[in-house]
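Naming follows writing order (A, B and C), and every chain is counted from residue 1.
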Amino acid sequence: MKSSTFLSIFIGLYLIIFFGYLFGPLILMSMTAFNSSEFPRVSPWECFTLEWFDVLARDDALITGLTNSLIIAGGVVVLSVLIGLAGALILTQVWPRLRPWYYTIVISPILVPGVVLGISTLIFWDRLGTMFDARYDSVFYDGIFLTIIGQSTFISAYCMLVFISRLQRFDPALEEAALDLGATHTQTFRKILLPFLYPAIGSAAVLAFLASFENYNTTVFTVIDQSTLTTVLASKVRYGINPSISSLAVIIVAITLVGAIAHEALRRREQLKIERGEITDSSSAAANKMQGWLSGNPAMILLMLVFVAGLGTVWFGSQYSPNQCKVDVRLQKELLQQRQGPDIFSPQGGEQTQPQAPAIPDGSGSGASDTNPGRGTFGDVFDPGNLEEGEGAAPSGEGSSGGGSGDDGAAVQSPGASTFGDVFNPGNLEESAGTGSQE
Amino acid sequence: MNPVTVLRKFFDRHGLFVGGYLLAAVTFWMLMMIILPQLTMLDFSFRDNLPPSKVGGPEDVYTMANYTFLVFGSPGNPEPFNVVDLSVFGRTILAAVFVTVFDFMICYPIAYFLAQVARGGVARLVVLSLVVPFWVNELLRAFAFKILFGASGVINTFIVTIGLVDQPVDFIKADIALYAGLGYAYILLMIFPIYNAIESLDKNQIEAARDLGSPWWRIHWRIVMPFAKPGITSGCTMVFMLSAGALAAPQILGGPSSLWFTQLIYQWFNTGGNWPRGSAYAIVLLASCIIFVLLMMRLFKVKLGEIGR
Amino acid sequence: MSAGVGVELDDVWVRFGDFVAVREANVNIKGGEFFSFLGPSGCGKTTILRAISGFLEPSEGTVSIGGANMAGIGPNKRPTALIFQNLALFPLMTVWENISFSMEVKGAGKKERRHRADELLELIALADQGEKMVHELSGGQRQRVAIARALCAQPDVLLLDEPLSALDLKLRQHMRTELRAIQQQVGITFIYITHDQGEALTMSDNVAVMRDGVIEQVADGQAIYDDPATPFVASFVGENNVLSGKVTALSKNVATVDTNLGKLRARVATAVQGGLNTGDRAMLFVRPEAVGIVETGSRGGNKISATVVTEEFEGSNYHVFMETAAGEPLKMSLVNKGQSRASATGTKLTVTFDADRAVALPVGALASE
């Protein structure tokens, strides 16, 4: 039928646009992680490189944030699963007339904006601290503790929903049977209910971990003087950008994909197990296993392809050295710049193994970093030696032996810095940083 | 039944150990994590910003100052109202509504496709493709949009290269990047509730309507949408709340001149150092969200339980 | 063999809010007995079972097991084991783990548990199936595992809550015999809940028939069938023709009831002897198999004229459905002895029954179909 072909074309087109919107930004971001360009971008493509992963690995602030995030996520998993489980178990036992009230209260954290949860947690524990005359290094003012509490407020509700849906399939007669056979209440809980809930505990824990790990709105208030991955990321993304953030995104996307593959494989296996249970002839089912695992499952096939492609990229990256390419690109750029002068699309630089300098806040917020062409392009060319050094170099000017080492954060922000290498003057750095932040 | 017998029955039912754990966990959650913090924040919002030494002293009295500030500005304000903050508030709410509508429009077809058209492997592929971006960090998603929409971003490079414009367009200043990023962030939360609702719709109803000669748009308007109303309400509520309460995306994608209301709160807490005022603003945000939820519940006649799902 | 442990319900009431689930239950179940509670769904029989097993406390009255008052003693401390309607086998455990669960919670070692489980598997004819998961068993096998699990706890009283209702007819009949055999083998008290009178009558030493929370009669199967205490019991257990009228005369426990088919005589049920008086309205119950065709030339007795509506042949029996002159249905069951099957539709017959095989009871509620 004509109209139906039209319709399926339309649906196909819509799906393509929709998933383009869904994946386009992520794919582009991931690509920037492999471009040697100083600023995260895809075009012009300079050189394929994995150096941003090195930069990422050596970023202490990020590592500290990551460690804290993992600690917090661990705490949140334990607390939220415990609370969510209790919340779900109690739901059926609340006096029926009070049940809607109970449900409203415990479900409300999901609907309350994250910032409000963060603020209320912060203030509440601050007040408690004042009440007990606690010192500032006590638990009441500890960013990690407060973040665990603040995040668990709503993550517990997520977990509770997971448990409720699992408990709806629980046969209460099993508990009674256990009691009847002489088990104590605790034994019944441990031997009957808990094993039944294991899968839900697993999913609740994963959910809690992910939700905690990526939370920003609540965390930014409760974390006080500590940092988490998200708060570090936020300040990086807001103030100074370089593609090492993209490389972090690549890692996270990869982990998510692997997780999705694992989940799908597991689900598939469960399904096969059920099918096998129904078909008593288990040997034939086993023979079909691999085939069944893939057949009729485009999701799996696609994910496998993505996974293989990812592995291929890593292998390629480990074999390939971008240095020659970078030199070429740099020369080209020099030529181009000499001919045309500064151009807003000119890439910002060529130095490579340089660690990211601490971000310098810029007041302009938006595009300060993209609108300044005056990056010390020549600095690196003149002093290739600094490619290796300068981890701790800050724009304070201390790292003056190689102007290039300190200029990353500063010069990127400052259009005033001369293209012709006044970054070599240590004093200039401070000045240019100042200009940058006044904009 | 009095509380003592209720409690005794509870422990009879669970035993001392499990019962104790259940009661302790839920009490701690409800009191120490939900109710008391919110009440403390409410209380705090009615106080002056005092140094710690004066807290509890004679100057520590209740005041409406933090709220009047939001409405009228500081006493020396020449304008009759606090135009800056109020307009930020209004714009946040409007933009959140806009993001919600935008998300609904792009998500409804997908949800319908997923629930009624797609089968087996395709459906799983679509679901997975929806979930994967959702677990990428919110900040990184915003970052991706910054790359996309930045002055030297992909879109600008493209449209300049093909000669559509001569100068890069400032998508960030125009808030386009922000809306696209916010809309993107909550796609999943819009799709799943609608999907769940539509999935339980009997296909025969649609076929019957089609059989009776109803055009496709009427089928959706008269059959699918009314049926999926709880899911739609749930999705819209979630997206609105999260957009209005978003902080990361506005911080990263917002233009320099257009603040989000959460950013005002953030400023009072961080740079402003005025916690009570920040609390008052947070209360205003919370109250508007509650009002929105109640409005949705009233308007579409759904229960809270259906939204929370 | 010990006499076993008896169970006594003394004036037990169970209320849920305003709803009375069990009203004044007084039952004395002797040790080693197979005792059934029979009644339609919602009659309160399961509630009684839960009160005995300890899952709920009676609102009034006492439950005693082996002479000990069970008030305040939880289900895990009572010498009872319950077999649930849906069996409630633990799905995440193997068969033998299920069976030996009661030992596990008491801290018995694995070897000991395994040994005992194997013994019980032997008893239920499922040896070598111990390692299987529950869902790998058939319905009848699960049934037996549930019994073994309950027996493993070495209860004094085994409670069974309609455990056969999920099985198909053939299996159900087989399991009846098996259950009875197991009971005789282990010698403990069985308390069985069912809405299936066949189960109750075939297996039980004694049966309590319940309606709307009230125990209407406690007696052995034959007494329940032949000498019902109430119209409900008479109509619920087995089939009965009902004729109602007014008692006009009583002599030696035989009542003469004036029905719209004329005067009919019937034995007064044992339970109401002395309670049914001349002038009372009464119901007269006649089993279809007690009805016969009047031999030509016979004298006296109860005689009813009726018209054949239809006839059903069942092999060993055939059933004649008739309509009396008053328009009421009347069923007659005749044993197939090779006699010529009489009656085409419309045939007029005169049928009779012995006064001794009919029962007269005061008017009361009947079992709805």
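Just so we're on the same page, contacts are C-beta pairs under 8 Å (C-beta built on N, C-alpha and C of every residue); 3 or more make two chains touch, one makes a residue touch a chain.
All values derive from a computational prediction rather than experimental measurement.
Trainee: From the Cα centroids, identify the chain that ends up most central relative to all protein Cα atoms.
Mentor: When every chain is reduced to its C-alpha mean, the one closest to the whole-protein mean is B.
Trainee: Between A-C and A-B, name the chain pair that shares the greater number of C-beta pairs in contact.
Mentor: Most C-beta pairs in contact, of the two: A-B.
Trainee: Provide the C-alpha centroid distance between chain B and chain C, rounded to the nearest whole angstrom.
Mentor: The computed centroid separation for chain B versus chain C comes out at 61 Å.
Trainee: Please work out the Cα centroid separation of chain A and chain C, and write it as a whole number of Å.
Mentor: 66
Trainee: Let me have the rounded angstrom distance from the C-alpha centre of chain A over to the C-alpha centre of chain B, please.
Mentor: The separation of the two C-alpha centroids amounts to 20 Å.
Trainee: Got the chain C residues that touch at least 2 other chains?
Mentor: Touching at least two other chains: 74.
Trainee: For chain A, which residues are shared contacts with two or more other chains?
Mentor: 184-185, in rising order.
Trainee: Spell out the residues on chain A that touch chain B in their complex, using ranges where they run on.
Mentor: Of all residues in chain A, those touching chain B are 11, 14-15, 18-19, 21-26, 28-29, 32, 39-43, 82-83, 85-87, 89-90, 93, 95, 100, 103-117, 119-124, 127, 130, 149, 152-153, 156-157, 161, 184-186, 188-189, 210, 213-214, 216-217, 220-221, 229-230, 233-234, 237-238, 241, 245-246, 248-249, 252-253, 256-257, 259-260, 264, 296-299, 302-303, 344-345, 364-367, 370-371.
Trainee: State the interface residues of chain A toward chain C in the complex, per the touch definition above.
Mentor: Those in contact with chain C are residues 171, 173-174, 176-185, 187, 191-192, 195-196, 277.
Trainee: Considering only the defined contacts, which chain C positions touch chain A in the complex?
Mentor: Touching chain A from chain C are residues 53-55, 74-77, 80-82, 84-86, 88-92, 101-102, 104-106, 135-136, 149-150, 152-153.
Trainee: For the complex, which residues does chain B have touching chain A?
Mentor: 6, 10, 13-19, 21-26, 28-30, 32-38, 40-41, 44, 52, 55, 106, 109-110, 113, 117, 120-122, 124-126, 128-133, 135-148, 150-154, 157, 160, 168, 170, 172-173, 184, 187, 237-238, 241-242, 244-248, 251-252, 254-256, 262, 265-266, 269, 275, 278-279, 282, 285-286, 289, 293, 304-305, 307-309
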